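Step one of this worksheet: look at the structure below.
Chain lettering (A, B, C and D) follows the sequence in which the chains are written, and residue indices restart at 1 in each chain.
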């Protein structure tokens, strides 16, 4: 009996846990881990349950829905590696880390394919025998380029799309095609810096920490729900180039942590916030 | 309606959550936060539930016990500040931090009294209008001293006893008098150093981090369940005296974090391990 | 022979260290610690030297100036506790931490006096026998209030002014009266939040770290040179109130670390950046 | 003019910095970064200087030696990537991280070759076109195996030997062949655990942090000078297998940080301690 996962989200009311666990009990399912959270402001209920048992997902989902408010979201899914497509541009650090983790089964996912809009990272991907395509944006409209990209991605039918330093802004229509399924990583600073050359600005400002934020991509640039934030200490001896290296290191750590959470279905969404069952 | 807390621990079997939430539901209790954990090795079930509702604790505990294995531990308790006695010796840093937090209601506890086996910290405690007694160990047997101490403590009827750098080893009989209710803080090193002058040894070894461990006190010295561990980075410029200052700072942070967890009943025991519902 | 400190800042050119150490050698001074840094962009030289020796500060400064570029800043100063005035408003956490450290000589400073623009913290300060004045801003113009404040401060002749959650903006003329001598602490977020109720905004945005920045105060609000930045992890279970408590804890830690650096003269200024010799 | 590095270590006495900088000045060398440290217990002087200038290393070393105590160690070396051989066993995580950093020039070193005593990592190394040999210990005495290993290593003439989870103890004669040139990484715990299955022991003890220590290898097992120590937080939900994954992640981070320091000659030895000029 393989372990399964139950994910529930609905408006809060008394008796939810009792109702849901009653259905599981009737099916002889054995709950091994259970998390619930009620968001105090939104008054919404979130539940993540790992269980074992001989049940078929569809009917179980329906029975659980029957004990919940009408608008409830219920998902029963096997606990198995997620299918993933990775997009990159020029920087190697996040992509290489994912390829190594993929090769040694440390990712709880299988990288189905990698695409990049620059050619430089092709040899790296090919070392790891992962399907790869360079889909250049040059000489194309944004619409054309993204359609080509979407075609490539959908051919590989991923559950998640990981932007491993993919440096182009994605159009709203593209984002809507993969709702809550695109994960991005970017550097973060205290304070924030608008405009170009952020590491140069961070140097001029003399910051003492460099951060990275992994988040879901929504239509509003860099405003999607935050999954993980990490920081590394830096000091006055760091040149803008050293700050950029620290930024790469912290991005790699933050993205790997975020993907583990997402691929184990530990991240649920509450408006623009994440609920993380770790 | 004041919020209440339900704490359950028992051997694992199917239907526990369903049974417990059924009792709460019948009483019209509203669960606001719920955590469960099943220890995979010990096959034990732990649950911490915050709820509101017009119920009497004793009868509710009994009804819940009725749906659980016979050996279950069930506790229903109001969520209110814990009553605490603090023991100290010569070092001020942890005690002062607790007194300030106590004075400004940051501790989720009320310090009922402070005792120390040295006189030096008396003026500090008295600034904060907390009952204080210096109970010197000089000229007394260990048994005599600890009986005097236990008498003082029990007069103040604390739920928890905090050793804020109390530097004497407590006898097994004394520890048994406050089972799982004594919290201690001590410095920790990578690697560990046996024997005297640990900061001098840490200096000679050139360690790069200084740590602190907050734990419950059991009869075996410094081997009780760990609640919190924290570290601070240090380097070759730190003299043994600087290392000791870093040690004090990290002890203060670790103890405050551990006490918050304990006083909010977020810490349960699984053998010699802690389960922490944070 | 008490240890002394030499602080030098000037434009970079070959031979600076050789020239300075030559002067110290002629006077029989023994250098115990020496740090230099050349800022690669500004091409400026910074040096901090701890030494012992029977020398008079004024003449030594002059001899050192003679081997340096004309615009050099040279300061010889005894290594001794700094004289400090603290300003506060309503929040106790930073002030209480400073008062405890002051009482137990952990601060490398002596708090000469405390002033606040609200009355609530008076009893806390008085516990520690530190001169205190409540200087309310009510019914006064900003100019009048700040003049009263400046009068109080200057009576106590501090080397540094610490804003321990002093929540009023200081006028440029006031800041100019204490150039590079005012240290402030404030919360910081990834991303930054403009406007009111930052912890409510941080909650809505679902941030995963809460930070604090200690910095020198300049005429431009919160844009002065950064001394220390610290962060604490938070998660979705933190209410806005919990985030505020985490913010207080990290502010306390960041301010204490920053003051240690400043009071030991380990912080030098390079434009709007700090050079920190730790 | 390529930048060069000057490294000096000797017993402390007045005038050292003045003497050394005098020699550099006479040769028209331009010091860009300078660090000194005097160990207070050992009374030893350490200096690391980056400089530019048209000088020949050998004669410069001799001139500098002439102004220092007779026992001084003086080294002038170009700042260039170090030549490195890596040893591994079965675990991939540290080796893969080094191979990626090597491929993208993030390491300030060139991996000349990799050897392992198990065959499993061969395909990984070969992806990156780095010379590789599997030198099995099976059916050989320790002496025979280590001689074969030493032969392979010396053929590649490395400046440093990195043990990337090489799981065999090295004989004293082998260690002496590469004095202060072998870097090892191992997991560390608070408290330390002797004996087999450390992650199982750490689980049973309920530790809250998992650490890693990178150190130079000396004849006494795991007692060599510490270069870097890092920790990651863990909790009761981590199984022994999860703890092991956390251990791998923190080892990778600690080793990469240590190697950057070593390969930039930022690590000097003071008895069994490291002095780190970062």
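Keep this in mind: a residue touches a chain if its C-beta (ideal position, glycine included) is under 8 Å from a C-beta of that chain, and two chains touch if they have at least 3 such contacts.
These numbers were taken from a predicted model, which means no experiment stands behind them.
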For copies subunit A and subunit C, the superposing rotation on Cα atoms, rounded to the nearest 5 degrees, equals 180
When B-C and C-D are ranked by contacting C-beta pairs, first comes C-D
Centre-to-centre on C-alpha atoms, which chain is most distant from subunit D? B
In whole angstrom, what separates the CA-based centres of subunit A and subunit C? 40
List the centre-to-centre spacing of subunit C and subunit D in whole Å, with centres computed as mean CA coordinates. 37
Touching at least two other chains at once: which residues of subunit C meet that condition? 37, 40, 237
Flag every residue of subunit A that touches subunit C in the complex, lowest number first. 37, 39-41, 188-192, 203-209, 211, 213, 225-231, 235-237, 239, 270-276
Subunit D touches which residues of subunit A in the complex? 33, 92-93, 96-97, 100, 103-104, 106, 124, 127-128, 237, 245, 249, 253, 256, 278
Quick one: in the complex, what on subunit A touches subunit B? 14-15, 17-18, 21-22, 24-25, 28-38, 40
